[in-house]
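Please read through the structure below; I'll follow up with questions.
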Amino acid sequence: MRKLINAPESMVDEMLQGIYAAHPDQVRYVSGDLRCLVSAHVKKGKVGIATGGGSGHLPLFLGYVGEGMLDGCCVGGVFQSPSAMQMLEVTKAIDSGAGVLYIYGNYGGDVMNFDMAAEMAGAEGIRVEQVLGAEDVASAPKGNEGKRRGVAGIFYMYKIAGALAAEMVALEQVKSVAQTVAANVRTMGVALSACTIPEAGKPTFEIEEEKMEIGMGIHGEPGVRKGPLVAADRIVDEMLESILPDLPYQRGDEVSVLINGLGATPKEELYVFFRRVAESLSKSGIHIYHPYIGEFATSMEMAGASISLLKLDAELKRLLDSPANTPFFVQR
Amino acid sequence: MKALLTIEDIKLIFIRCSEIMNKNRQALLDLDAACGDGDLGLTMTKGFAAAAAAARNYSGNDAGKLFLAAGMAIAGSAPSTMGTLIASGFMRVGKEAAGREAMATVDCAAMMISFLDGIMARGKSKPGDKTIIDSLMPAAETLRQGENKPLAEAWADALEAAEQGVERARGMRAVHGRAAYYGDASIGKDDAGARVGMLIVKAFAEYVA
Amino acid sequence: MRKLINAPESMVDEMLQGIYAAHPDQVRYVSGDLRCLVSAHVKKGKVGIATGGGSGHLPLFLGYVGEGMLDGCCVGGVFQSPSAMQMLEVTKAIDSGAGVLYIYGNYGGDVMNFDMAAEMAGAEGIRVEQVLGAEDVASAPKGNEGKRRGVAGIFYMYKIAGALAAEMVALEQVKSVAQTVAANVRTMGVALSACTIPEAGKPTFEIEEEKMEIGMGIHGEPGVRKGPLVAADRIVDEMLESILPDLPYQRGDEVSVLINGLGATPKEELYVFFRRVAESLSKSGIHIYHPYIGEFATSMEMAGASISLLKLDAELKRLLDSPANTPFFVQR
Amino acid sequence: MKALLTIEDIKLIFIRCSEIMNKNRQALLDLDAACGDGDLGLTMTKGFAAAAAAARNYSGNDAGKLFLAAGMAIAGSAPSTMGTLIASGFMRVGKEAAGREAMATVDCAAMMISFLDGIMARGKSKPGDKTIIDSLMPAAETLRQGENKPLAEAWADALEAAEQGVERARGMRAVHGRAAYYGDASIGKDDAGARVGMLIVKAFAEYVA
């Protein structure tokens, strides 16, 4: 295990201590629980947006709490859901009367806990709505979208719903724009190596050097196909062949592209990837607007990358472009 | 032979359940690793340790409150799929059993039905989905059919049914959770959650034997 | 080799093509040479700041070309210096009469090429000044600072000199503030794994799993000591023991802290690192102001991290805090 | 036997030098890998191929311009430490030899001095630092001492001196470039740059032999 940590079981809490020490003006925690993180600036009357999920995916999830994005986030252990009670505490802390929207990824444990939290919050008189990120085309076939995993594309839901919420609109509108994003984003990933959960001490699976798994999930869920590692351009082509027809994305569409590094893959390679995406979309007559290239949803030191496409309209473009300022994401 | 489970009995059953999970820790880790993320042995030992502690600390005389406290303890300490499902089950039992001070076989049958209802509502799942339901459901039905039998006999039958449920689940195709990503490849593999359901039944059966 | 690339020899140029495709509003290239990158907004009368060095260190070097930071950058092959002629082209493109400051890391090849470029630029009537980043305390002992390598701390030189240049002051002032930063920053790193130069195809050296090398340079230059990988807190302590007395940083000082990931090390671990730095500095009575935690100077997929400290005064704080907007670094 | 190097001769020497670098590619890679970043075989073959091409393309009759063109070609194509140093050396030669149409032994000696001056100015280095200088300097001195000898004899002596320089450099301690990070550990190891210097001398020596 090649990790700069102390005791594996204290990694998550020590990471959180580091985050509060580094960003005291931006985030704080509630209920005396480090894992219940909220923005230091909860705005009266604004719809609150909360998310949550397992640790090990920074900047996901808590990294997007801040101006123009999210208001609160619960994190669990590495790749483990936080609890419904923790979500309830965050919900209570960020509700200022306008209700709270949960945006999170479609994973069994998370769904159940957010459902439970929503019921509990409802019992306390807080209006809660939920929208799931479920855009990994490799995780279930078209027609069975409800079974799909949520991966890096959730960034777009945070960004756009967060921007609209900042305009002080009602919960229904924020929910509706989040649903629009969810409906218009698709992702596919490729993994070149596994990662190690600190408490486990060794990778839960292995990918041989010079091999890859296309469609693998960010916790190592099985993908579409394992095979020899081929040239980046061919990988991009194969991924776009799955992504483009799924929505479908068509000639004349405007899309934002998110090239997401899974952790160990250097930015140099992400740009090699983007180059081919740009080339290919341009051939298909699809116009790229405001691409994002970097690490947005990682699996610790996993090597690999994902491509997300978001189909845009004028409203989404405006919200995508609006400023944001969180400990892990800044846009002017 | 017991004819009624008192509050104290129920507390001891939670403690036994925690012991059983500890004993099966490695087996659950291995089962979950084969088709999931391999954490079930950790979450179940943690969750039931918390449930046992909550039960031990409960000083009232309301079985409903006792189950609720145990459920909340599991929800807070083991927020995995299985932990949350079991927590939801016990919390539902807590609602249904509110005010009760002791449980006969018929009440145990009702408890198992509520437990299952809580799980199915939370998991949006049904029998045949290759989950914990597939060991609990046969146990619940057996308890209901034997609701006039003494506790020991009824729970022994229920355990047998749960064990058969585990066997039957093996041939099913997973449609929920991480195992679902394996699709047809899940057929023929044991379901870790079904085994957890059986172990919970086992705690009751061993205690009342 | 676990890389998402096409032919190894085309990696750098394809990466650059990706960068120009992604950020056309921010950067462009001159002389028909992808490797001669300049800001799309060269401001008349402003001192130009240029940097350069080998590829494989993103966001270093070119990632910091943009508003409030640098004006131009030349990159070479992976870990290879660009040429003096390329530097001359960038120098000519960004000079608008106020002269040009070169800020770059203290590596033999780079120094010689920038020297040569400065002579050539001088011959063409462009005023050029140079300030070197040379803050790696592990690379040469105190007293021999001139031999030290430049590593992640150069980020502070870019940030602060760039902010001052944006205020339209004279070349001498920009040079002087860059020198002040150079004099007040110290860095030390630790590596847990090597990285692979694509054209070489395999790591130039190896670090066994569960081993580390403290003080190793960002190209794998030998460090202070190899040993078993110990707890993060102990590594931080050992690094601070070298960094603090070197300037020295003392009780009552205000410092910015930069925790830099070398590539494969996840942000989770960087925050575990920062937590200990904060704890330790607080015990020493040193106050942390505006820390930075992330990837600022990488070695592709190398695992490891570095700690940089910059001692601040009121002027440096003001310049550190001023906004910046580049393809790889945004600050509001 | 040649008494004068013409422009055409100098061009052919650059071509021979490129061939020699190609032949020594792996040796240079290995030497540089031991104490540096292991790229010297790549940069030298690249740089001298460019120099040879520039020489071939030069159509004038000014040795100065020819050396300048070769130096610029190396600077542009091999901007590593060694490439830049050699480029600086040839560019200095270009300045000093401006206007010359042919070179006798005495001019070769002057060329080597300028070459070294260019390198030392660029590298801020001196004899004894375990660099290319330690093979070139003895060669230059030998050429100067033999400036009245015929080209073949003078260059043969220079090559011998350069080879001895490579040997002597082995015992030195590196103070420049990546090798310097190894400090005392560099003592006893061959210096890759010193070998490059010797190979350049060899190109002249072989050509005039």
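Think of it as A, B, C and D in the order they're written, each chain with its own count starting at 1.
What we mean here is this: a residue touches a chain if its C-beta (ideal position, glycine included) is under 8 Å from a C-beta of that chain, and two chains touch if they have at least 3 such contacts.
In this text the structure is predicted, and so the values were computed from the model without any measurement.
Hop across touching chains from chain B and tell me the fewest hops that reach chain D.
Contact-graph shortest path, chain B to chain D, evaluates to 3.
At what distance in angstrom does the C-alpha mean of chain C lie from that of chain B?
Using C-alpha averages as centres, the distance is 57 Å.
Calculate how many whole Å lie between the centre of chain A and the centre of chain C, each centre taken as the average of the chain's C-alpha atoms.
Centre separation, chain A to chain C: 29 Å.
Please work out the Cα centroid separation of chain C and chain D, and write it as a whole number of Å.
33
What parts of chain B, by residue number, touch at least two of the other chains?
Chain B, residues with two or more chain partners: not present.
Can you list the chain C residues in contact with two or more other chains?
none
So how do the chains connect up here, line, ring, star, complete, or something else (other)?
line
Between which chains does touch occur?
Every pair of chains meeting the touch criterion: A-B, A-C, C-D.
Please name which positions on chain B make contact with chain A in the complex.
It is residues 33, 37-39, 43, 72, 75-77, 79-81, 83-85, 87-88, 122-123, 176-178, 180-182 of chain B that touch chain A.
Tell me, which parts of chain A touch chain C in their complex?
1-7, 11-12, 14-19, 21-22, 55-56, 58-59, 63, 190, 192-193, 209-210, 229, 231-233, 235, 263-275, 278-279, 288, 291, 293, 295, 298, 300-301, 303-305, 323, 325, 328, 330-332
Of all residues in chain A, which touch chain B in the complex?
By the definition above, chain A touches chain B via 76, 79-86, 108-109, 112-113, 115-116, 139, 147, 200, 204, 217, 219, 221-222.
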